[in-house]
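Below: one structure, written as structure tokens.
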Amino acid sequence: MTKSRRGLVTTIFRYVVLTLWAVVAFFPIYWIIATSFKIDTQWFAWPPVYFPDPPTLANYLNVWLGAEQYAQTQYAISSQKPLISLMNSAIIATTSTFLAVTFGSVIAYGVSRYRILSDVRMFQLLMLRMIPPIVVVAPLSLYYSALGLLDSMLGLILIYFLTTLPYAVWMTKSFIDEVPREVEQAAEILGASRWRTVFEIVLPLIRSGLVATFLFILILTWSEYLLALIITKTQVTTLPVELSKYQGSTEGRVYGRQAALAVGITIPLMIVGLVIRKHLARGFSFGMVRR
Amino acid sequence: MARIELDRLHKTYGPVIAVKDLSIAIEDGEFVVFVGPSGCGKTTTLRMIAGFEDPTSGEIRIGGQIVNDLEPRDRGLGMVFQSHALFPHKTVAQNIEFGLRMKRVPAAERARRVGEVAAMVRIAHLLDKMPAQCSGGESQRVALARTLVTNPSTFLLDEPLSSLDAKLRRELRAECDRLHEELKRTFIFVTHDQEEAMTLADRIAVMRAGEIEQVGSPMEIYSNPVSYFVADFFGSPSMNLIAGALVHEDGGPRFRSAGLSVRLPDIYTTLRPGPVTLGIRPEHVGVRPGVGGDVELPVRLIEPLGKDTLLYFNDGTDRALVAVSEGLALAGLKSGERVALTFAPNRIFLFGPDGKRIRL
Amino acid sequence: MTTAAVPSAEAHAPRTSTRESSRRRAMQRFRWSILGPLIALIAVVLLPVLFLQLYFSLHQWTVYLGTWWDAEWVGLDLFKDVLTDPRFGWAVVRSLIFATGSTLGCFLIGFALAYLMYKPFRGQALYYIIFILPMLTVPVVVAYTGEMLLYQSGPINDLITRLSGVEFKPQWLTNPNIALATVMLLEIWNWTPFSFIIMLAGLAAIPKEPIEAAQILGASKWRIFWEVQLPLLRPVIFLALVLRFLEAMAEFPKTWALFQGGPGTATETLPVYIFLTTWQYFEISKGAAMSYLVMMLMIVIVLTAIALLRREKRTLDAMYAQRQTET
């Protein structure tokens, strides 16, 4: 087979396979967005309705704004106030992420330049995160209730901070590693103190990396389910838990509204993820990929 | 006084000895070049002087004062790195003025000095640019300016030209030379390029395996090498080094090797016979068409370079015997022609089996 | 310089400069002021939790008993109960099937996609964006979306029926024989991007020269893959498999939100079973014992993973060893 002929077959093959998976990957996302715009008669229609016609904002209005008048059928959701959950999620996620990145980057600097943690410890730190939360959630909730941290934002922030710290250290360390030692030494021999070198030279150079790390961890804390489920009761809810409450309620399958809620949860995350997509590889590689 | 003394400097990394008992005194205003192959310890030595490495033992004195315990910024030194190490997020002007800011020099004064120094290395037009917009040569000039402006007593340069192409290398080499002339400060320069060492240095310290093999002016190093290693390292094309033996024949000393036999000057009469290596630089091998001379050999390859002509001969070893002839007079020789080679008697070196030069 | 005999050790007694000691002091300060408090925080949170866990697994306690300390000592009985509980055994099996299956699925698909995509081509950026979207969804959302899609009279069955011409109406959500597979499929959909991203990074990081050299030497694409690319990808492959496996063993949201362990016990993986035991059957002590056992199991797996990954990282560092600049 000639080079060009083989090239054509390969190309066609490539596009076919990739497009196939692209459809598989995208279809569910399309579906949930489409469903969120469907009127209730189309939620379980057979044959399935692939394109909402007529599209409606009723689901969004009902779910996000608690507009009772848009509860079109007897499927009325007891208003759980998703907007409050949204705010809770936002506060908890951003605070814990901020803490993780701040402390993580300081530790990462120490590891990168002074090896305050050995290779082994770094991996152990990573593996800490890999213990299934399920095995510690029960005693954790009892411990928290004794401390009064149950059903509180602080409690959740604390545990999210500790569980995402390993990621923060690993990611920022890889960014700090890329700042050449010579640049720091040049500053040093020109008279800069260590603190000045860190704040004026090193950190500005990894600014985009810090942002990427922040957003990456934000995704994790935003979508976390199990810990939030156990630790929050009535005072505090996060969005993922809120969504599952819709399922558990006795009103049955309110697909359209669930979809509207789901879309609201997911879209911000997708936007964030797309913004940092170039850094995702770094976040996941943990030193196994040579740069 | 910025006299720098290294006193039995020793550096080990676990079982590896990077620098071995190194001692040298560098006078104020000298241009000293530490030269040697990769891994010889020259950069480690420089970094110990700067303060980025701590010696395992030994003392470093600047102006008579022991500086082992001083941080790099307190040693009064300036350093230019191989990778120029500019701050990528600051403008050229901000890079240059950094050291002055650390010394709390007021803004107006800073601007003035930056301007002065930028003019000195001819980068005044780059002051507002970012390092990414500068070429390799320009970046290195900025690095020079950055240390210049702080007025150090001594400049440390760690292979600053190694990452540049040949043309830029020559340009910046001339720049370093010029700066040294103008400023009359001490320059300690590290390189693996013998040409750089020869052209820039007042004194060269040749290093190998953590030790200094020889210290001397370029002249001395070139014409009076103490060892096979030093002789081989300097000179382009390299010195001819032929392994063979010293024998006594016809009442006089003679050098015999697989491919040739040459009568040696009488001074070697007192030497006992034994294995030796003969060294002679290509420019000291006289070539004449015809017969006679010390040895006759067929020429294998002729390379007319314009200014010189290189001639290659087979001397029975893996390495060809090289002779340099001025001009293109011998460019017309045909491969295989036998010619007469003469070794200038007072340019012949003999090296013993231990690599050391045999002196009498 | 004369080369004397090997100098004696005393001649080179290392002197500790005050700089080195002040540097060490500064490091100590750092350790205590930042690292220390954090470690203390982790200890304050983690240690009591682990202790409580152990306590409950050795004492029988239910919520009705009042305070914790009223619980009676039962020694290793609870552990025996758990280990002889067939339901627990099944949960372990299901978790392993789930983790292995979904990890392999994610890996194979992710690798295939990465292999087709690591060289630039038209539209690459768009495909990349679409491919990472599934990972950016919240797992709970995936669960519900899955439900909407896999409803027996839902779009997936409908589409496949129309496209293949054959009546295709499996009960994804209600057939106990298929349920575990359903969750696995969801998991694969959700996390293939993870494998994809790191395999892509790994492939892109392989230097071109060895590959080009192999091509000129006449190696076929297949051979190049097996003998050049794959060995260099080992560390990344390990990473993709190990991390995904660990996370899959711990998977909870999708399984719970969609099935709650059902239908029957068809999707009762370890996390689900533990959850049920603790919060629905309120057998807190039994749940604690189970958690402890699972934790032990996971620690063993994790330690093996650490050893594997560290070894891979070492070979990686050696392969790409930077030229020593200490000359």
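Order as written gives the chain letters A, B and C; numbering starts at 1 within each chain.
Throughout what follows, a residue touches a chain if its C-beta (ideal position, glycine included) is under 8 Å from a C-beta of that chain, and two chains touch if they have at least 3 such contacts.
Please read all numbers here as calculations on a predicted model, not as lab measurements.
Q: If each chain is a node and each touching pair an edge, is that a line, ring, star, complete or other?
A: Topology of touching chains reads as complete, every chain touching all others.
Q: Have a look and report which chain pair racks up the highest count of C-beta pairs in contact.
A: Max contact pairs: A-C.
Q: Using mean CA coordinates as chain centres, what's the gap between subunit A and subunit B in Å?
A: Inter-chain centre distance comes to 57 Å.
Q: Using mean C-alpha positions as chain centres, tell me how far subunit A is from subunit C in Å, no decimals.
A: 16
Q: For subunit B, give me the residues that contact two or more of the other chains.
A: 51, 71
Q: If you look at subunit A, which of its residues touch at least two other chains?
A: Expected reply: no residues.
Q: Taking the touch rule as given, give the residues of subunit B at its contact with subunit C in the complex, in rising order.
A: 10, 12-13, 18, 21, 38-44, 51, 54, 56-57, 68-71, 192, 211-213
Q: Once bound in the complex, which stretches of subunit C touch subunit B?
A: 1, 7, 11-15, 17-20, 323-327
Q: Could you pull out which subunit A residues touch subunit B in their complex?
A: Spelled out, the residues of subunit A in touch with subunit B are 180, 182-183, 185-192, 196, 201, 204-205.
Q: Quick one: which bits of subunit B touch subunit A in the complex? Just the residue numbers, please.
A: 50-52, 71-73, 77-79, 81-83, 85-89, 98-99, 102-103, 143, 146-147, 150
Q: Where on subunit C does subunit A make contact in their complex?
A: 26-27, 30-31, 34-35, 38, 41-42, 45-46, 48-50, 52-53, 56, 68, 109, 112-113, 116-117, 121, 127-142, 144-149, 151, 153-155, 158, 189, 192-194, 197-198, 200-202, 205, 235-236, 238-239, 243, 246-247, 249-250, 252-253, 257, 270-271, 274-275, 278-279, 284, 287-288, 291-292, 294-295, 298-299, 302-303, 305-306, 309-310, 312-313, 316, 320
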